[in-house]
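Going in written order, the chains are labelled A, B, C and D, and every chain counts its residues from 1.
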C-alpha cells in the first residue's frame, strides 16, 4: 500500500524492514483511538469549511466501520502499512476516494500519533488506577481482618519489634493510595489535546483546536504547538514513572511474601493453584507469580529508562527516534497493570498462619519495650538501652498481642487508623470515576457508541 | 565519640571506614533540619510527661546553639561520629548530661533521618520551583520580544516549516511550567510527618504524632508507621524524577542552542563570558556551560537510577542500604537546580541574529504552505503534496514573517497565546509562596527564628 | 499439554497467563538448540547405561525430525506449552512413549535453558562479529578512498583543526575492531558447557559432563554446578554489554552523519532510497535509518539494564525471575546486529561532497598550525597561542590538503596507518572463522547435518 | 591562576563555579600520572628538537618535585585552577619560566587527560585484580575446609537438593576468577597510549608517539587520533562494566549471607566486630557491611550508567560533557574495590554452624535422589517424579553427607574439582604480576623512582 509520504521511489528493503520494525504490530493498540481522533478532526474541518458535509459524514461512517472491524479482529495492519495511521488512511481512500485523501488536511502523523497515544493513555490510566485501588481495598480488608495478628517486625531483616500482619498489609495499601497521586498527575499531563500542532509548527489554516479538544473530552488544548511535539516520549516517561513506583511497591510485597512463606518462617501460605512446580524436584511448590512480580519491577524500570534514554539527547522537533518510545511504553504499562492484578489475586488467596507468626516472637523482639519501661521508671534511654541489651533472656514469655496493644499512637500497630487510607481511597476512586464518565460521555457523543481505547492483554487472552 | 548503638566493642576499622563512607560529609546538609525536628520531638515529649520542662528547655536552647554554630561553620561532623544525628546527640549529652540522653526516647535514627530529609526536601523544592518559574518567566519575556522573529522549524533536524524564535522559547517555558506539577506532587508526598514511626513499628509510648507534625508545619502525619519507613528512598526517587524531567527539558534547550549557535547556523550567539576556550586552539569559544547542562541531565538520571536500584530489591523495614540513597539524592537535586540557574543566566544573555535566522528560510520551508494553498483551491491534500514536492524552487522569495502570521490557531507561531502559560505560572508561583509562608511561620514559632534547611551550593561558594 | 512439573492440579488461569507471558513466543528461537543439546545429553545417558541404545536412537531420530519441522515452520510452541522445552519433551513422549519420559533423567530445565541459550549465543556472536568486521572493512576502504579529502575537525562541535574524511572513517573502524575483543571475551564466557548442573546442585548420577561438552563443541565444562546456574543472566549481560558498546559507536557515527548531511553542512549525502519522507511536508528526505540507529543504542542499553536489574538482587540458585532476562537479551542482540547491517548499507551508499567539505575550512581552523609555526620560530607555545588568537583573519587562504599532509605522526590525518587496523581485523576474522569451523564440525558430527542456532530476523523477513 | 586557555576576559562567576564543579577535587587522583606523562612528553619533545636539553631536564626535575610534594599532601589544586593539568603547568611556569610554557607543545588537555586516566586505570586494575584473586583464594580455602559440610541447596529460595558449603563458596570463587577476563580485556583496551592525538586531530609536528608510548610502558600507541579522543568515557565504561560484574557477584554473596545468618536459618554467623547495632533496639547485631556491599552493586551500576549516558548522544570530537564521566568513573572503581576488600574480611571471619545447616535438610530435599533411585530401578523419570512427590515423609532420616558424596560428576558437591579454579587463578595472577612488573620497570626508568598512580582510599584513611 502507499506510504503517506510516497514520492515515487522505493526504500531499500533492508532499510524498510529496519525502520518499520515491529511498529505495525504495536500499533494494533491504537486503531480505535486514531479513528476517533480522526472523527473529531473531520468534524472540525467541516466546521471551518475544509470538508463538505458529505465528505465528513462519509469519513465518520467509514471510521466507525473500521472501529467495529478492529473490534472483531478484522482490521489488520501489515508491515507494508508501516503503522496504523497509514493503514487507516489507505482504507478511507480506497472506500471514499477524495474524501479519504482530504482527512490529512491540517495535521501531520506527529500530532496524529500524539493524539492516539493520549486517548490510549487516559484509558490505560483509568484501568490502572481502578486496579490499584481495588488492590489497596483488598489489602485494607486483609489488614482489618488480621489487625491483631502479631508479626515480629524486622529491621536489617533481623527480628526487631512487636508488630502485626495488619500493619504490614495497611502499609502497602497506603503506599498504593499515595501513588495514585502520581498516576493522577500523569493523567493530567496526558489530558491535553495535541491535535492542530501538526509537524510541530502548526499550519496556515484556521484550525479550531478548542473544538477538537472538546470533542475528544480533553481537559484543555496543549497550547504551544512545538511543546506538543516535544512532549512526545516525555509524557510517556511520566506515566511509566507512576507505573514503576507502583511496581516497586508490589515488588517489596512480593519479596516479603516469598521470604515469609519459606518453610523456615511459614508465616504465610500461598495456595497451590498460585504455585508452579519443578521439572526435576517432585516436592517443589514455587511462588513463580511473586518472583515474576518482583522481577517485573526491574523490567518496567528498564522500559522507563529506554523511553528517557531515547529522548534524552534529542533537539526540538520531531525525530524518528520517537518511534522507539512506543514499544517500551506499551510494554511497561501493560506489565505494570498485570502485576497489580496478580497481587490482587494473591492477596485474595493468602493464608495467615497465626502459630508460626507467634513463634517468631523471640525474646529480643521485646527489648525496646523493656527499655522504655525502664525509661518510664526514670532511667535515661541510653542507660536503659545498655542494661536491657545485657539480659535479653529475661524477656521470654511476654505476650505479643499485648505488645501490639501498647502501640497506640497514630498509625502504630495498636492504632492502625484504617479510616485514613479508606477515606483517601474513596476520594481517589470517585475522582477517577468522574473523569472517566466525563470522557466516556464525550466519546459517545462523538462516535455514537462507547469506544474502549485500552484493552488489558491479560483479560483478553 | 560514642555511637548511638554503642555496646562496648569496636568495629573492625576497615568495616567502619566502609560503612561510614562519606555519609558524615553529606550529612552536613541535615544539621539544622535534625535540630529543628528534635526541638519538635522534645516539645512533644514534654507535653506527654516524658521530659521535664527543664530538660525540654535545655534541649531547645542547646539545639538552637548548634543551629547557630552550624550556620557559622563551627559545628562539624567527624567520620567517627558516623552521621549528624550522632554528632548532635553526643553534643547534647556533653553539654546537658541526662537530658541529652533522653532526647532519643520514642524515636529511632530511622524516623529521625526521614524527618530531616523531608525538611530539607521541602526547602529544596521551594528553591527549585522558584528557580524554574523564574526561568520560565524569562523565557516568556524572550518569546514575547522575539515573537515575530522567523526561525525555520525543523523536523528530523532538517528544515521543515515556518516558525519563530518566540515559539521555540515559549515551548520550553510551557514545558517547565507543566513540570511544576511533578514538583508539586513530589512536595505533597514529602509533606507528611514520619516522626513517631521509630524503627518502622512505632513504640509503646503515647506519642502525640499530630503535635509534632503541626509544630514542623507538615500537611499531615504519615499515618502507617511501616509505610513511613518503607517510603525511604521512594519519596527521594519521586523528587528526583521531577528534577530529572526539568533537566531533560533544559538539555533539549541546551542542545538546540549549541547547534543553532554553530557558525554554520549563527542563529544565536552566546556572550564570551559564558564561553571558555581551548588549551591548544587559540580561536575557540566553547559553550561549556550548555554542554554541561546537557550532560548533567544524564547524570541526574543516573542518580535517580541509583536511588531506585538501591531500594528495588529490599524487603519491608529498615536496611542499611538506604544510606546509599542519600548521596545521589542530594547530588541529583543540587545538580538539577544548578542547571536551572545556568540556563536562566544563559537566556538572559543570549543574542538573536535576525539575518542569519532569515537566511535559514530556504524555499522548501514553504512547501507545506503552498500545498495547503492548493488544497484551498480544491486539490485533495495528497495530490497537492505530490505536486509541490516536484517543484520546490517556485517557492523562493516568500516572506517568513508573513508565513508566521498565517499560523493563527491556538498556540501556533502567529498566535502564541503567552497569556496561557503566564497565568499557569502565576498560579504555580502563588501556591509555592503560600506553602512556603505557612511552613516558615511554623518553624519560626518553634525555633524562634528562621531556619533555612536547604542551602544552594552554587550560591554559597 | 502436560507441564514438566505436572502434579494433578491446575494453576489459576490468570496466573498461568502471567507466568507464561510471551516466553513461548521468544522460545521459538531455541528449538534447534534445545534439540541438539538433548541429542548430546541422550548420547551421554546411553554411554553411562541410563538409556538403551534403542531409546537413544529413537530420541536422536525424533529430535532430528523436530529440527527439520522447526526449520520448515512446522513445529510451533503454544502458550499452553509454557516453553520450547516442554513442547519438545511432550512431542518426544507422544511419539516415543517411555523413551521420551527418560530424556529428562539427570537434568533440569535450568541447565537445559542455559545450554540452549549458549548454543544460540555462540552462533549469534559469530554473526555479530562477522558483521562488525564487514562494516569495519567497509569503513577502512572508505577511509582509504577519502584519505586526503579535507574535513574540518571539530571539538565542542565547533570548527577546530584540519582533518580528513579518512580520519573520521578509520576512527570508527578501529573502534569497532577493538570492540571485537569484548565480543570475543563474551564468547569465551559463553563457551562453557552448563549441562549436568541440573537445578544448580548436580545429581546423584555418574553423568559424564566432559562428553556432553565435547559433543556440543564447547571449550570446556563450566565446572562448579552452582556457578553454572548463577551465571544465568550474567553471561547474557556480558554479551549485551559487548553489543551495546558497538551500538554506542554506531550511534556516534549516525549522529555525525545526520549532522554533517544537514543542508547547512552538506558534507555527506544519503541516497534517497535510504531516506523516507514526511506525511505533510512534500520536500522532506529524512535520515530515518540513522535516527533509529542512534535511538537503538539507547534501547539496547535499556535491554542490558533490564537483564542486570532482574538478577541484581537475587540470591544463589534458580529463580523464576531469570525468565525475564530472555526477552531483553534476544531483543538487544538482534537489535544490535540490525544496526550494524544498516550502517554497512549506509556507508556503502554514502556520497562525499568535496566542495562543501572544503568550504568548512574557515580561517580559524588553521589557528593551531600557525601557533606551532611560531613555536618553531622560537616563541613559547602559550605566547604563540595568544598572538594567533588575536589575528585569525590572517589565516584565510591556507590549503587544507597541505595542512593534512603536515600531520605525519602515527595515526594522524596525514599518516592514517590503515595497515594497523587491517591487520587487527584480519586476525580477529580468522579467530572467529576458526572457532566457527571447530564448532560447526562438532555439531555436524552429532546431529548429522548443519544446524543453525541463530537466525537473523532482518534477513529472514 | 591563569587558565590554560586564558584570553584576557573573565567568565561569569556563576558559570565558572558550574563548569569547574568538583573536578578540581577529583583531579587530585591524577597529579602523579599527569606529571609522569609530562616527563615522557618532554623527553620526546627533546628528542625531536622541540625542547633544549636544559629545558627538558628542568621540566623533569620539577615534575619529580611535584610528585613528591603531592605524595606528602603538599601539592593542592584550587577551584581556580580548574583541574590538575592547569595547576601543574602553572607551577612549572612559575618555577621554570619559558620551559614551563613549552611543555604543552604538541598536545592538548584532551590527550593529557586521556593519558593520565589510563595510567591511573592500569594501576587501579592491578589493585582490583589482585584483590579479587585474593578473595577468590580465600573462598577456595573456605570451600576446601567446608567441602563436606552439608547445606541444603535452594531454588526459588525453597529447599531443593542436597548441597554443601563448599559448593556455595567455590561457585563464587570461580565466578570471580572468570570475571578477571573482563578486567583483563578492559586493561588491554586501556593499555594504549593516546598521547600525540592532541585535541582529536593530531598536530603538524613530527611527534614520536611510539617513543612516548614505550616510555610509559604502554602496550602500543592508540593509532587513530580521533579514535583516541572518541574513546574517552568509553574505555571508562568498559572498566566499570568489569567492576560492576564483580560487584553483582559480591552482592549475591552478601544477600546469601544476610539471609542464611538470620536466626531462622543460623547457618552462618558474622562476628560482632563486623556488625553494628541499633540506636533504639538494644539486642540488634546488624550485618551493615553486607547490606552495603549489596547496595553498592546498585550504585556502581548507576555510575556505569552515568558514564554511558553522558557519552551516548555525543558526536565525534571532544565535548565538555566528558568531564562528567570522571567522577562516576573514579567513584565506581573505588567503590567496587572497597566491596571486594570487605568481602575478603567477611569471609575470613565467617563462622559455619554445622548443626543448623544439618537441620535445614528437611525430607523433601532428598526427593530428587529418591526419584533417581526409582529411575535406576527402571521407572521412567516422569513417573518416578510423580510417585515420590506423593510421599515425601518416607525420606526422613537420610544422611546429607552421603547425599553429597553421591554427586560425583565434575563440579558437583561431591567432586568440586577445586584444582580447576586454582589453576585458572594462578594463571590470572601471574599474568597480572608480569604486566605490573613490566610497567613498573618502565616508570622507574622514566621517573627515577616508583610512582603509584592509584591509591586505595580505604587503605589511606
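To be clear about the criterion, a residue touches a chain if its C-beta (ideal position, glycine included) is under 8 Å from a C-beta of that chain, and two chains touch if they have at least 3 such contacts.
The structure displayed is predicted, hence computed values, not measured ones.
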{"item": "Pair of chains joined by more contacts [C-beta pairs], C-D or B-C", "value": "C-D"}
{"item": "Centroid comparison with chain A (C-alpha atoms), farthest chain", "value": "D"}
{"item": "Distance between the centres, which are taken as Cα means, of chain D and chain B, whole angstrom", "value": "32"}
{"item": "Centroid spacing, where centroids are CA-atom means, of chain B and chain C in whole angstrom", "value": "38"}
{"item": "Gap in Å, rounded to a whole number, between the CA centres of chain D and chain C", "value": "25"}
{"item": "Per-residue overlap in chain A, given as positions that touch at least 2 other chains", "value": "7, 104, 155-157, 160-161, 198-199, 203, 259, 278, 280-282, 284, 286, 288, 291, 294, 298, 301, 305, 309, 312-313, 319-320, 368, 386, 389"}
{"item": "Complex contact set, residues of chain A against chain B", "value": "7, 50, 93, 98, 101-102, 104-106, 110, 153-157, 160-163, 167-168, 170-172, 174-175, 178, 181-182, 185, 188-189, 196-210, 221-228, 230-231, 234, 237-238, 241, 244-245, 248-249, 251-252, 255-256, 259, 294, 297-298, 301, 305, 308, 311-320, 368-369, 372, 375, 380-383, 386, 389, 403, 406-414, 416-417, 420-421"}
{"item": "Chain B to chain D touching residues, read off their complex", "value": "3-7, 9-12, 14-15, 17-19, 21, 79, 85, 104, 107-109, 198-199, 203, 272-274, 276-282, 284, 286, 288-289, 291-292, 294-296, 298-299, 301-303, 305-306, 309-310, 312-313, 319-321, 323-324, 328, 338, 341-342, 345, 458, 461"}
{"item": "Interfacial residue positions of chain B with respect to chain C in the complex", "value": "155-161, 258-259, 262-265, 278, 280-288, 291, 309, 312-313, 360, 362, 364, 367-368, 371, 385-386, 388-389, 392"}
